[in-house]
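Labels A, B, C, D and E are assigned to the chains in the order they are written; within every chain, residues are numbered from 1.
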C-alpha cells in the first residue's frame, strides 16, 4: 500500500495574486454535489440542491444547517457558495487549494477547519490524501470534501436516524462530530497499514528476503504523511479546547478534550508503528547480513580445507625423476592418511574457535 | 518476555457516535466483581456486592468508600455504577475502552485518572498491558481494573489491617496510594526485564550468537510500550501537583510530589535500559562482524599461502619434453625448500603488517 | 542541480568597524537599476531614475511608492538612497552584506526585512542564493535585489495592470506581496529539485548505480540551504503576525497569517524531501549491498563446488607407483560419477539452506 | 573503569506503604558515625556523638551546627535524628532509599537536597555512585553520606582551620560549600575517565584492536550515569538561584550562580567526552574495516594472479596423446614467459585502477 | 588543523574553597602587560603601566578608560587590579580560571563578560582556545586576554586613529566593539577551517583515501569546541539585548541586536560545516566501500572463470589407464574449445546479470 505523493502541487499557485481563485490539486470528482441537512431534535430535512443560490433560505433559520459539498474543482460554485455566507477570500482560496496544511483559523464569526482524510483507492491500490474543509458558523456548518467519501457517511446516517446526540446539539457539536469521524478514520487506515506490516514481518522472519525494502519504505512514507497531517491538527484542537473559539459552547468543549485525546492516540500509534518499522528494517538487514556471513563462512571453510590437500595432490603429480615417496609401497595410502589428518586438524581448529 | 502488542484495538470504535458505550479491548475476566471498602481510622467494612445498585447507601456516608471493580467488559454494570455517581458519558466510554492513553481529567467535582498496569501473564509468557481507571470524588474512590490483579492487593491489605496512613486519611490519599502502588509495580516489571537483559548480555558476551536480535527487539518494544504509559502519567501527576485539583488536600499534595519523583525514576530507569539495550545491540553487531572478519582473514591467509605453492606443484607436473629441473638430482628437495621459503616469506610479511 | 556554496563570504567584514560600509558578496550585476512605482487605486506611474536623489519627490506623497533597486554592489548609491529615507547605518550595512540571515527588524518608523531568493543560474546550472532586502516605511517600500530577477516580475505586472488587490491597498500589503512572491518561488524551486529527485530515483531503482552519491548529497545540501533560509523567515513572519509591527494594518494581518502558513508549507515540503532523500540513500545503499552480496554468494558457490572436484582430479594425476584405482576398467567413469555426485550433494545442501 | 550498575535496587520498596521506613541500597558502611561541627567565626567545636539524642543541645544555639552523618543503613538512628529536627517522613524515606534522583525540595522551614557522589572503589576498580542527602534548616545543616568519604574532607578541614569564608557565613553557605565540593569532585572523576579515554585512544590508533569495544561502552555507560546525576541537579540549583528558597540569603545567592555555572561546566565536559567517545568508536570501526579490507584486497590480488597461471600449469600437465607444445624445444621457457607476462599485465591493470 | 583539547584543566580547582584565587589553565604569556587607553571624541592617551596601582587615577575621570590586560597567570597583579575596581572575588576567580564557559553576568554596577577566542598557533599548527574576560563598568572597560593577541588589534587601532564611532561613544560601545571583534574572528577561523575542508574534499573525491578519517574527526572536534563557545555567548547576548543591563545605553542596544545576528550567523555556519563534514564522511565511506566491492567483484569473477577450467585441466592430467579422450586426435583442441566456451558462457551470464 503505497502513498500517492501529494507534494507535487503547491507551487502551481506561484505567480498568482494572493486571493486569486483557482482549483489546485488533483480532480477527484467530476461534478459538485451539494446536499443540505437541516435539522433539530424533532425533525430533519435532507435535500440535494442544484445551485449554490438555493442555500440562501437556510442561512438564517433557527435549526442547524449542514451544507455538505462533495467536489471542489468547480471554482464558480465554491466561490458563490462561500460568498453567500460572507467568507473571506483567503478561506475560499484555501478551500480550492487542496494542498493545505491542517489548521484551524478563527475568523471571528466563523471558524475555518482544514484537515486531511486518507482513503484507500481500490483502483491504484494507493492511499490517497484528500482535503476536507469545515466552516463552523452561527447556526450552520459547511463541509467541503474532494469527493463523496465513505468516512462521513456514519455521521449522515446518525443525523438521518436521529441516533446519538448530534440532532439534539448545535452546529458546534456537528463540526466536532465531523472532525471526530475523520480522526477515527485515521485509526482504521492505521489498522490497514498494520496488516501490511504484519505481512512484511512474516516475509522478513521467513527470510525469502526479496521485496522487503520497497514496501518498508513506502509504509514509512505513508506514516510520515499521516503524521504530517495529525501533528498540526492536534495542536489546533488543543488550542481551541484551551483558549476556546466563541463558537464552541462550554458543553461541547469537553468533547474537544476527548478529540484531543484521540489525536494523541493516533500520534502515539503512528510513532509506535514507526518504531516497529525501524525494528523490522533492523531485523531484515541483520538477518540478511547474518545469512550472507554464514554462507561465506561455511563455503570458505570448505575451500580452505581442500586447498592444502590440492597442493599435496599437486606435489605427487610432479614428474621429478627422483621423487622417493612415489616408489613407496604404501605411498598412496599414506597420502590419503595425511589428507584425512589435515582435514581433521582443520575442522578441530575451526570447531575450537567456534567458527563451525 | 515479549509484549503483547496492544495497538490493535483502538479503531474498533470508529463509526460509533461519541459517547456510545461498547467495551473495547480484550476480555481479561469472565465476570465483574465489585468489592466495597468503607472505612475510617477506627473501623473498616469490606463487602462484595452483586449489583451496582447496592453502592447507593455508601454514596453519602462520612467515611471513605472505595468501590473496587474488577472486570469492565459488562457494559450494563459499569454504566449503571457510573451513572449512580453522576459520571459524564465520556468518562464511562473511556473506562470501557481499554486502549486509552494515561491521563488525568478534572471534571470539577470528581477527577478521572487512567493508567496502565503491566502484568506478567504466566500462560503466554508475555507482558500484558491492562487499563486501570480511578475516579476520585467527594468521599469516595472508584477503581476499575480489567481483572482482579495482584498489584493493588497490598493496598487492600493495608486498609484491612489498618497499616500505614491510608485508614487515617481521606479519599485523595487512597487515590494516591492506588496510583503509587501501580507506579511501584512498574519498577518490579523493569526488574524482571533487567533479568532478561542480563541473560541476553551473557549470551552476547559468550557469543553463541544465534537468537539475540529477536529478544533484543522485543525487550526494546516492551520498553517503548512502558515509556508510552509513563510519560503522559508523569505530566498529569505534575499538573495536579502544581495547579492542584481541588480534590487533593494540601497535606496530600506533598505525596503527589513524591509520586512525581517516582514516575521520574521509572522514566530514568527506562531510558537507562534503552541505552543499555542499544549498547548490547552494538556489542553484538560489532563482535559478530569481528568474528566473521577474523574467520575470513585467517582462512584467506591460509588459502593465499598455498595458492602459489599449488601453482609450483602444477609446474613440475607438466609433461614438457624438455623440463630440466625434473632431471636434477635434488630437484624434489629444492622444490620443498622453495615451498617452505615462499610460505615463510608470506607469513613474515603478514606478521609485519600485523595481519596475523 | 548543485548549490553554489554561499558560506564563503561572511568573514570579509572582520576587522571593519561596525557600520562601516562595504559591499560583501558576489557581484551579480554590473549596474544599479532603480525603478520607481508610484501608484494608488486610480493611477500608476513607473519611472526609471538615474540618481538616488531623484527619489526625494516621492517621499512624502500620499500615494504608495515602491523603489525597486536591482544591484547592491554600488555602496555610494545604496548609501545615498538609504540616507535619504533616514535608515540606520546598520540597516545599510546589512543591505550591502549579502550574507545576512533572514530576519525582520522593527526600527520604529520602518521595518527591515531580509530574505533569500533562490534563482536557477542557466550558465553554471547551479541554484544561486541571492539576498533581497525590503524596507517598509510610512507610505513607501524600498526593495533591494542583487540583480533584476524574474521572481518579482509578476508583482510589477500586477501593479502596472492594476490586477489583484495590490493597487487598492497600502505599502504594507505591497511588502506582504513581495515576500509572498518570494516564498511562492521557493515552491517552484522545490518542484525543480523534485524533478531531479525523480530522475535520481529512477536511476537508483534501475540500478546503474554509478553516479548517485554525488547528486544525492548536493540535493541534500541544497535542501539544507533552503531550510536555513525559511526557518528564520517563518519565525519572523510569525512574530509580526502575532505581536504586530505598527506598520502592518489590521486588514493586512490576516494575509500575514496566510504567509505564515505558506512558509510552514515550504518547511513541510523541505522536510518531506529530506525524508525522501534519506529513503533514497537507504534504498541505494541496501540495493548496492544486496547486489554485491548476491554476486559474491553465487560465485563462491560455484568455486566451492569445483574445489573438491579439482582436488580429486589432482589425486588421480599423482604418479604413485601403486595407485590401484588408475588400473580399474571403469576408473575414469567412476571418477565422473563421483564428481557429479559431490556437485549434486552440494547443490542440494545449498538449496536446502536457501543459499541458492 | 566500569560503573557499578545502580539500577537494581529501586523496586525493593514496591508493596510498602508510602513513608514506611526501610534502608534500600547497598550497605557501604558497617556503623553509623555522627560528627557534630558547631562553629562561628571565632570558635569551632568538633565532637563525635554516640546517639542521635546528643544532637538536641545543638539545635537552638546561635552558632552554625553541621551534623555530619556517615552511614544510613541504620534505620532507627536516622529516623530518631531526623524526627528530632522535625523532618517529614517522606524526607526520612528518601534519605534511607539510596536510589533517589538528585533533587532539591523546599519544605518551608528546611530544604532537602539529594545528590550523587562518585567514588572510585580501589577494590573492585569500579566507579561507585553513592547518595548524599543534605538538610538545610534555620541554623543547622545535616548531611548524610553512605560512608565517610574523602570528598567532603576538604570542607571539614576548612572549618577546623578557619580557612576560607565558611566559618564567617551562615548554614546556607555551608550547604552551598558541601554541594560545591561534590560538584567539583565530578570534575576529578571526569579527569580519571579522561585518562582511560586517552589510553583507549592510544590502543585504537596503534590498532592492536582486541579489547576496545568493552571499555568504550563501559566509559559510555559511566558518562550516561554521571549525566543522569548532574542534569536534575543543575535544574534544581537553577531553580533555587532564580526563585530562591528563603533559606538562602541574598549574599549566598551569587555563589549559587557560580555553582550553576559549575554544573553547566560538568555537563559540557560530559557532552564533549560523549562526542569524543563516539568519534573514537567511529575511528575504531573505520580503521578496523579499512584494515580488513586491505588484507582481503591484497590477498585476493595475489590469489587472482596465480589462478590463471595454475590453470596453465594444469593444461601442460594433461596427458593428451597429441599435445604439440609439449614437444617444442622451448616449450618450458615459453610457459614461464607467458606466466610472467600474464602476471605483469594483471599487476599493471591493478595499478592502473589504483587497486594496488 | 587540530584543536588543542582544552578539557583537561577544570578539576584543578577541586578542593579549593570557593573564591580562593589560583591561576588555572595553560600559561600563554610570560609577563603581564597592562595598557591603558583613555579617550573621548577629541583626544586619546595610550599608556603602558607597570603596576596595577597606576590605574587608580583613571578610575573616576569623565573620559572612557580601557584597561587592556594581556596575561592572567600573575594572580597578585590581577587581584590587585580587580580589587581596585571593587570586583567580586568570584569574578576574580573566574578571570584567573581560563576554563570558564562563555557567559555574561550582571553584578549591578558592572557587567562581567567571558568569552573564548580561537587563535591559530603557528608552532603547534593547532587552534588554541583562549579566554577573554571583559568588565564593563561606569566609565571604564577592563579586558583580560591570556596573551597579547592580534584579534583586538583593529579595535586598538581604531581608537588610536579615531576611526569609526568608538571614540565618540561610551564604554558600553567599546565593550560591544571588543565582543564584536572576537565574534568576527570566529568567522575568520571558520574560513581557515573551510580551506582545510576543501583540501579534504579534494583528497576524498580523488580517492587516495589514506589519511582522511583523522583530519575529518579533528575538524569535527574543532567545530564542536567552537559551537560550545558560541551557543552560550549567543544566549547571553540575547538576554542583555532583550532585558538589557542598565550599563548598555538605549543607543547601543541596537548594536547588540546586530551582534546577536552575527553570533547566529556563526552558529549557522558551524552547523552547515558540520553537515558538510558528515556528508564528506558519508561520501568517503561510501566510495571506499564501492571501490573495495568493485575490486572484490572483478577479482572474484576472474577467479570463478578459471576454477572450472582448472578442474578440467586436472581431469585430463589424471593417469587413468583407460581415459579415452586422451587418445583422440583432436582431444587437445577440443579441450581448448570447451575452455573458451565455458569462459564465454560465464562472461555472458555475468554481463546479463549486470555484474560486469
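Basically, contacts are C-beta pairs under 8 Å (C-beta built on N, C-alpha and C of every residue); 3 or more make two chains touch, one makes a residue touch a chain.
These numbers were taken from a predicted model, which means no experiment stands behind them.
> Could you tell me which chains make contact with subunit A and subunit E both?
C
> Starting at subunit C, figure out the least number of steps needed to reach subunit D through touching chains.
2
> Check the residue numbers that subunit A and subunit B use where they touch, and answer same if over half are used by both copies, otherwise different.
Mostly different residues form this interface, as fewer than half of the numbers used are common to both chains.
> What whole-number Å value describes the gap between the mean CA coordinates of subunit B and subunit E?
About 42 Å separates the centre of subunit B from that of subunit E.
> For subunit A and subunit C, what's the span in angstrom between their mean Cα positions?
Taking the mean C-alpha position of each chain, the two centres sit 26 Å apart.
> Name the residues of subunit B that each touch 2 or more other chains.
296, 300, 303, 307, 310, 314, 317-319, 323
> Mind sorting the chains in ring order for me, with subunit A at the start and subunit C directly after?
Read from subunit A toward subunit C, the cyclic arrangement is A, C, E, D, B.
> Under the touch definition given earlier, write down the residues of subunit D that touch subunit B in their complex.
7-8, 10-11, 13-20, 88, 90, 99-101, 103, 105, 207, 213-214, 217, 220-221, 224-225, 228, 232, 285, 288, 291-292, 295-296, 299-300, 302-303, 306-307, 309-310, 313-314, 316-319, 323, 325-332, 335
> Spell out the residues on subunit D that touch subunit E in their complex, using ranges where they run on.
Spelled out, the residues of subunit D in touch with subunit E are 154, 158, 163-166, 176-177, 180-181, 184-185, 187-188, 190-191, 194, 254-255, 257-258, 261, 264-265, 268-269, 272-273, 275-276, 279, 282-283, 286-287, 290, 293, 296-297, 300-301, 303-304, 307-308, 310-311, 314-315, 317-324, 353-355.
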